[in-house]
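Some structures are shown below for you to check.
Okay, so chain A shows up in both of these, paired with chain B first and chain C after.
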Partner chain A sequence: MMASAATYTPIATNTIGTSTATVTFSSIPGTYTDLILVTSGTVAGTGENGNSIILNGDTGSNYSVTNLYGVNGSTTGSNRQSSQTFMQIGRTSTSSQSISTVHFMNYSNTTTYKTAIARANDLPYFVMATAGLWRSTSAITSIAISNLNGNFNTGATFTLYGVLAA
Partner chain B sequence: MILPGILASGISGHLGGNYYSIATQTLGSATSTITFSSIPSTYTHLQLRGIWQNTTSGNGYAAMTFNGVTTGNLYSGHVLGGNGSSAFANTADGQSANLFFVGSSAQTSSMMTAGIIDILDYANTNKNKTVKILYGYDTNGGTYTQEIGLASGLFMSTNAISSLTLSLTQGTNFAQYSSFALYGVK
Partner chain C sequence: MATSTYNLIASQIVGSGGASSITFSSIPQTYTDLLLKMSTADSRSTPSVSDILVNFNGTGVGTNVSANYFYGNGSSVTGTTGTQIAFGDGSQGSIFGNSEVYIANYTSSNYKPYSSDSIAEINSTAGYQLLIAGLWSSTAAITSISLTPYSSPFGQYSTFYLYGIKNS
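Moving on to the complex of A and B:
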């Protein structure tokens, strides 16, 4: 079994220079197998810190998620959302740097709906894993990332990687 | 630099020249068994990424075996999961295979389970082998339950892993369009 050349490639990176509501990666090529979105930073405001993602500009009720979470080192649970107008996946905290990694699997096939799996580390008190579904067979060509709480603060980073299978 | 894409599974690595595609299998028709063989021992870790579903009318589990070993009850696993209403944990020791979740195509042929399976230090002949899995499947509240989970598995063998085989515990097939890609991490 022969291996290919190195195949884990950064497609684009955005470190925001000012408070920003939405960061968008557009014109994503369909030449990879999976996409991996890594977000790191903080947001303004208080309250809910979930990131919301819209794919290909689709604001229809085509998104759903299932979550597993732990809070404050003492509470575990699972919840879910159906028929949402965005995919609530990943988190960004108001108080300390948060990291989320979202894997969009087989994002460019035009046969299946798109499943994403993610880990979110929303310090100081929240850890989460999420399965997300976008009920569309379209290839993903753009990803818009916002936060339900407020703008991303200056210095937040967003990086999109492509993984290419043999 | 940490390799962010597999932070979820805890592997640290490097971008660029240290992550390699080894082989991919995408099913053109329903298939009962998927095997990656002749895996070179030149990497430090393996990562199996994919989407999959079964062809039965219910969710279930797949069995992953290494080096063709199905005797001796050398596999065990633990999972921390969520089903949309509560968290749960399960364990299965002394098994004939490592198990991982498979969503049902009876929900709709378009909804796939996604997963990332890390096989750590797979070529080390001084250690038993540990597997880590992040998997998930959402149905938009459909008939067949959704699940998100973090799992670990143990293969009690110090042999280097040179092949892995996937099958279904229900004895049925992986559905068409299921796709698995195997990578090596230096």
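Moving on to the complex of A and C:
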């Protein structure tokens, strides 16, 4: 019997060897159905720990997100950021190892705007679920990940997977 | 043909006698991340959301585990902390809660963060969605995972699937 085709495939991975402001996945093949970005590690500095994502180098006011969150085991809430110049999605902690997963749906089609859903875990403070939108019909070919707080610390990991529906 | 990098490591299905705990041991160190999918019920006397606690590497139930989580029940949202890895249903086996836990870089020498999403349906009277940001504060690679219900045992037909995901 012929083996089934792999439907969950690593496209690229990056474990950073030095403090880094931006990690970019470029030349993303359009041959998958969805993309999954997994990030883990810590970030320098203090304050806001949101990750920011720019798709295809687009820095226009074309991004929006809606968040549902819990903070430090007490406060909960929901907020929205519209017409942003980046997609604030996922988080990285300054003080402890974090993990975020971001799913981009139907990323290679050229008909619809692109949506993403994410889970962010910025320990010990934030647990968050996010829905994101990029108002572009372009296929996603590059993803640049930064953090609003500062550089990613050495050892932070970034992996982009492709998921094939067939 | 591409090689699959998302593989089932092991699975367990609880039999008629129930199970006081479920253990995945000798976890191979050849993957990057672990993904645990569970469908569980325990023996609570009344239907309710039920904690699932974890013992990594035999170090003790809940030892060095911290969870920051919030949950919604259809009418309100509450944030709190604890030592859970996930939640199931405490419905005497008639309804199962489902959960998915993603553990990043489980072989690294850093502390191990996990992301956990759970749902629990309380037999038409209520439903819960629970999101956890968790951390096991240990530099040891994860070699075993033992899961314990809030009210022992896990009921018959509870299922546990452990997957490995490799980044190359």
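Methods note: the second predicted complex is superposed on the first by the 162 of 166 C-alpha atoms of A that agree within 3 Å, B and C clash if a C-alpha of one lies under 4 Å from a C-alpha of the other, contacts with A are read in each partner's own complex, and residues count from 1 in each chain.
Going forward, contacts are C-beta pairs under 8 Å (C-beta built on N, C-alpha and C of every residue); 3 or more make two chains touch, one makes a residue touch a chain.
Since the structure is predicted, the reported quantities are computational estimates derived from the model, not experimental observations.
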item: Which of chain B and chain C A:119 touches, first, second, both or neither; value: both
item: Touching partner for A:157 - first (chain B), second (chain C), both, neither; value: second
item: Touched partner set for A:13, first chain B, second chain C, both or neither; value: second
item: First, second, both or neither for A:95, with chain B first and chain C second; value: neither
item: Partner chain in contact with A:76 - chain B first, chain C second, else both or neither; value: both
item: Partner chain(s) touched by A:132 [first = chain B, second = chain C, both, neither]; value: first
item: Partner chain(s) touched by A:22 [first = chain B, second = chain C, both, neither]; value: neither
item: Touched partner set for A:85, first chain B, second chain C, both or neither; value: neither
item: Touched partner set for A:38, first chain B, second chain C, both or neither; value: both
item: Chain B and chain C footprints on chain A, overlapping residues; value: 2-8, 10, 38, 68-69, 76-77, 99, 101, 119, 129, 159, 161
item: Chain C residues touching chain A - in the complex, by the definition given at the top; value: 1-6, 32-33, 66, 68-70, 77-81, 102, 104-105, 108, 110-115, 117, 131-135, 165-168
item: Chain A to chain B touching residues, read off their complex; value: 1-8, 10, 33-34, 36, 38, 64-69, 76-80, 82-83, 99, 101, 103, 105-106, 109, 111-113, 115-119, 129-133, 135, 137, 159, 161, 163-166
item: For the chain A and chain C complex, residues of the former touching the latter; value: 2-10, 13, 38, 40, 68-77, 96-101, 119-129, 155, 157, 159, 161
item: Residue ranges of chain B in contact with chain A within the complex; value: 3-5, 7-8, 15-24, 36-40, 42, 49-51, 80-88, 108-116, 134-141, 146-150, 177, 179, 181, 183-184
